[in-house]
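Across the two complexes that follow, chain A remains constant while its partner is chain B and subsequently chain C.
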Partner chain A sequence: MNMAGIPLKSEAGKFSTGRYVAVNGWKVFAKACGIFAIALTYAPLIWLAVMSFSSRPLSGVPYPLSLEHYRALTRNPAWLEPFASSIIIGALVAIVCMILATAVGRAIPRARRPGGLVLFAIIPLFVPGMSMGAALFIAFRTVLDLKLGYWAVFFGHVVWALPFSLMMVLVIAVRFDYRLLEAAEDLGASSWRRFWDVEFPILRPGIVGAGLFGFLLSFNEILRSTFLRGTEATMPVWNWMMAASQQSQVPIIFSLATIVLFATLPILGGFFWLLFVKLDKD
Partner chain B sequence: MSPDGGPMLKTTHGFAENMIDEQESKRSAMLELQHISHNYGAVKALRDVSLTAYKGEFLTILGESGSGKTTILRVISGLETATSAEVIAIEGANVAHVPAAHRNCTTVFQNYALFPHMSVQENVEYGLSVRGMPKADRAKRALEALEMVKLDGKADRRVSQLSGGERQRVALARAIVTQPAILLLDEPLGALDEKLRQQMQEELVRLHSRLGMTFVYITHSQEEALTMSDRIALMCNGEIVQIGTPEDLFDRPNSAFAAEFMGFENIFEGHLKEISDERVSVEVNGHGFHGRWSGHQAPLIGQKAFAAIRAERLKLEGAENHAEDNALKCSAGSTLYRGKYVDQHLQTEIGPMRARIWDRANRKSSISTVSWHPDDCVVTAP
Partner chain C sequence: MAGAPPVSPRAAHLILNHLISMIYKIFRVSTILSADSVTWTVRVFIVLWSILVIAPLLLLLAFSFFETRSYMTVYDPSLKTWISLFESGRFEVALRTMRIAVTVTLIELILAFPFALWLAKGCKSKETKAVFLALLTIPFFLDLSSRSIVWRAILGQAGGVNTALMQLGVISEPIDWLLYSEFSVHFGMIAPYFPTMFLPIFLVISLIDDDLINASNDLGASPAQTLRRVIIPLSLPGILAGIVITLGPALAAWVEPGMLGGGFVNLLSHSIESAYTALRYPVVAALSAFVIVLLAVILVCVVLVVRRAANIENIFRQMHT
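Moving on, here comes the complex of A and B:
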């Protein structure tokens, strides 16, 4: 690289030499930042997976290796209910967010003044989770006098995830060419066929993205859940309770987190690939 | 092909027109519009428009952008509901309240509006698919339509893999595959380059005679209109100002606007002085010229009138003169090189004029008079 760079510098003259060096400097800096960010993200994850096989995970040394925490997981099925409820709530939130975000996301670009509507719809993104959780708690528990539980967590998660889902749909919907619908209508398509044959396939990446975000945001949510869960527990809430109770449960959480990581990551990765690589090519 | 792409087509067109003339008595209206008005807010896009297209006719609606021509097309297709419409009839049935999906006409859109997520064949099949046609039949029909626009062999391509001209053909195939009574074409050649446009003009004419379908074609190009149409409707400000054969519009514009739009370079305002059987005389700035009347109503002595002469009909020194020719003293101005010809600007007592010189070898160095035959002098209403 240097061999190629040196003659270029001498030929390029004084002014452009300076630029050449500056651009190179930026490249190195950007590369360093990128590597740092990637390392910060993936190294702890890999370390977590390694330590879940350690017999003493809090010691900081992987050896001696052991499967005892995974065995403990199978012996103690207390985590199964929170895990299942998180999956179910996440799936429901995903479905509801897809439907709502599609309906609203299609309507906003057709509105006379879409700017204000978009702002109004995404402001909940900036409401602190603690405030939203407390507000919903008061509304459900004290104003409506309802018994809190999974259903309240579900509503809280929909409120939290919907703006994200809406953004996913809107990014695609604002670029949608409505003349395509006119062309379909002109060719004899009913309003349902126009939606199903033309609009839906084109919006699909946004709609599936809305579902994925809905699931992920719900699956990871803890702040609002703590206000709304009543006596029930979702996976993150259960993990947090176990970690906070200073019992010997922490190693189990390592194993559980590893299982969840390796179960969800490939599925979501596959989804994204299907959505943005495969379907795009077709 | 002829140098300007015109004459060769004119021959075929003339033949088609003769056939239509023979059948004149049997002509039946395929499309009938009566008293259509449409407003976009305070803007009047269409003002009481009435129009008829006959079975198998190639009718062109010609006008500048904003003249309302696209609005007419959208009203016919049903994509726009006119503010008021007495009759919109297709094949004799009033469809004014029938939604676009159920009207027996399809549109070739200006931007093509092809479905980007479908292959070429899926695009073409779409109109058949919504009609519930079995897969095998619609594939056969789609391939036939693609063959007709010379795109067989590209049926499996994605729309994004096609050139502009090919997309245009897909749009055409998609619109004709359902065999509508009327094909509406909204400036379909607007986005193509010159050479491709001329080629597509020929193909459209051929397709039209092969299908026997009624074409309603929108364009702002008088050359396109003259080349392809059986009849032309000229629009201005939401009104049809003249309708007739290409020859009618080209040779007998009924107003100063029509004359200007149809490319008369020299137009002068004056008053009618004399009217005889064949000729009228118009006075422009103290000079009297003889010409033929082509206004939309009977001429009246003293009325405001315009004399219009095409640049190529102006004769400079050395040309053969007739005794009855109109003549004017002039001095030569600048020249403008236009490739096939040269435009010579002239200064005259009635104002600047433009003459066209095709034969550059015989250009005169000094010019002092310009003349033109009364048959080449169109006198028309404001």
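Moving on, here comes the complex of A and C:
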């Protein structure tokens, strides 16, 4: 806030001390709001990781410690199929999103009505997950009479992830300097070379981001998958079934979620480091 | 916009500059690029999206006018399904859903706006900004069921909070409204729905020119006046975007109320699910369409209220003259 910026200005002295206090009070309040939300986000994650080593994860205290639930994961391979299918669907969604987002993302700034197109492309963001899942279910199952399964989940996920991926590419595509392409053409580059040697390297961070968003959004999608999965199960659906059933399976998802968490956090951390620190320097 | 990735303010300014000069560029570029390939790509995309998004949504709406008789869908348009929705007590469920979703959205707005304002304009360290933005984007990718179920262990009768409070001697019996209540549902929804409110507001506030704020200060406006007459009106598009993409998912909340409501907090999503399990697809369609309609109605109300509070067009006119 330049409420917050005021004290930094040289003529800040002309403001009364009372105003200083009010502004600083706002700063403290603002920070507290954000830190509260972030704490609510990460406290459960830490608790999840800690309790995965407890013999009774749903109790209030971590003791006694045990590796029992990690061992149970190896003994009971029922989670393997949903896990593998989620990874495969995620990877496919990522690839398709990368290709589509690149193609459409570089076309939109050059199209006749870019604003309208962007709005059209992000419609799925405004439709609640359950409604979109139901809509696709009715279209695929009831109207087209197809047997649902992983393929339908895949389409549902593409519809969900593509708007995000597209925006990743668009953020860079709208900054693209078209004189570079003119120059390349003057130097005699073919249209493919112009794309591959000039445009693609510049768009690459956005394309990587599109793929990352595609994968992770698909990997954690549950509402649409519930409608489209047929008799199959993806990882979040399986987690949900295990967590919703009041049975002994619950502890397993603690250890499984912890493993997935520690696998995804470094990827995300690396990506954000790249996005903020490295790109900002260039 | 919506789920756009966080952009540094410098990048955001660049985007804006480029958007402005784009009209000029498109004119020039169209002579260089094979314009055919662009229109071709756009056309294919429009067809694809119409099949995958628009057509299913229209079918959903059409289906809500059919009805179910003995597990069979009767393709005979009528308002029976819609009428039965309101006669079967689902109206109460709809009201509860709306109340919880609106409350959560308001909580998020109260939390997100000051924080976004501070991070965009008050925080001078780039590193701090990057860390906070990363921390708030990462949760998009984390599994909701396992994140929510943890609260059971923390809020339950024998959970962390109650155990701690009892050992400290603050209470003698466990507090039972902490879990499986509307409180726990609201509480569990705060974290997952925060980033969608925060990011658009942050983006828009980052785009506000510091000169405007400085000018307001130089002209003698108090911080409160600057906030009310400059910052809030200019960040309205972000606030509206935040409300849309927070309220939509909140109206369809399913995982948190299921995990933390313990069957006591029935929302529209549970009605949709049970109708789905009972193969009553027209009911599924009507309820899903109803959620979309609900979202649209709330949005129109918000826009109307905002229009009255601050005439958006006026603000822009003043800005440009």
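Going forward, the second predicted complex is superposed on the first by the 250 of 282 C-alpha atoms of A that agree within 3 Å, B and C clash if a C-alpha of one lies under 4 Å from a C-alpha of the other, contacts with A are read in each partner's own complex, and residues count from 1 in each chain.
By our rule, a residue touches a chain if its C-beta (ideal position, glycine included) is under 8 Å from a C-beta of that chain, and two chains touch if they have at least 3 such contacts.
Bear in mind that the values here come from a model prediction, so they are computed numbers and not experimental data.
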Room on chain A for both chain B and chain C (clash or fit): fit
Per-residue touch tally on chain A - higher for chain B or for chain C: C
Which of chain B and chain C A:190 touches, first, second, both or neither: first
Partner chain(s) touched by A:135 [first = chain B, second = chain C, both, neither]: second
Chain B, chain C and vertex chain A (Cα centres) - angle in steps of 10°: 90
Chain B versus chain C as contact partner of A:120, first or second or both or neither: second
First, second, both or neither for A:182, with chain B first and chain C second: both
Which of chain B and chain C A:201 touches, first, second, both or neither: first
Partner chain(s) touched by A:174 [first = chain B, second = chain C, both, neither]: second
Minimum distance between Cα atoms of chain B and chain C in the superposition (Å): 6
Contacts on chain A seen with chain B and repeated with chain C across the two complexes: 182, 185
Of all residues in chain A, those that touch chain B in their complex: 177, 179-180, 182-190, 193, 197-198, 201-202
Chain A contact footprint on chain C (complex, rising order): 1-8, 10-11, 14-15, 18-19, 22, 25-26, 28-30, 32-35, 37-39, 41-42, 45-46, 49, 52-57, 59-60, 63, 73, 110-112, 114-115, 117-119, 121-122, 124, 126, 129-130, 132-154, 156, 158-164, 190-192, 194, 198, 210, 213-214, 216-217, 222-224, 226-227, 231, 244-245, 248-249, 251-252, 254-255, 258-259, 269, 272-273, 276, 281, 284-285, 287-289, 291-292, 295
For the chain A and chain C complex, residues of the former touching the latter: 1-6, 8-9, 19, 22-23, 26-27, 29-31, 33-34, 36-38, 40-45, 47-48, 51, 57-61, 100, 103-104, 107-111, 114, 117-118, 120-132, 134-139, 142-143, 155, 158-159, 163-164, 167-168, 171, 174-175, 178, 181-182, 185, 191, 209, 213, 216-217, 219-220, 222-223, 226-227, 235-236, 239-240, 243-244, 250, 253-254, 256-257, 260-261, 264-265, 268-269, 272, 275-277, 280
Residues of chain B touching chain A in the complex: 77-79, 99-102, 106-107, 109, 111, 113-117, 126-127, 129-131, 174-175, 178
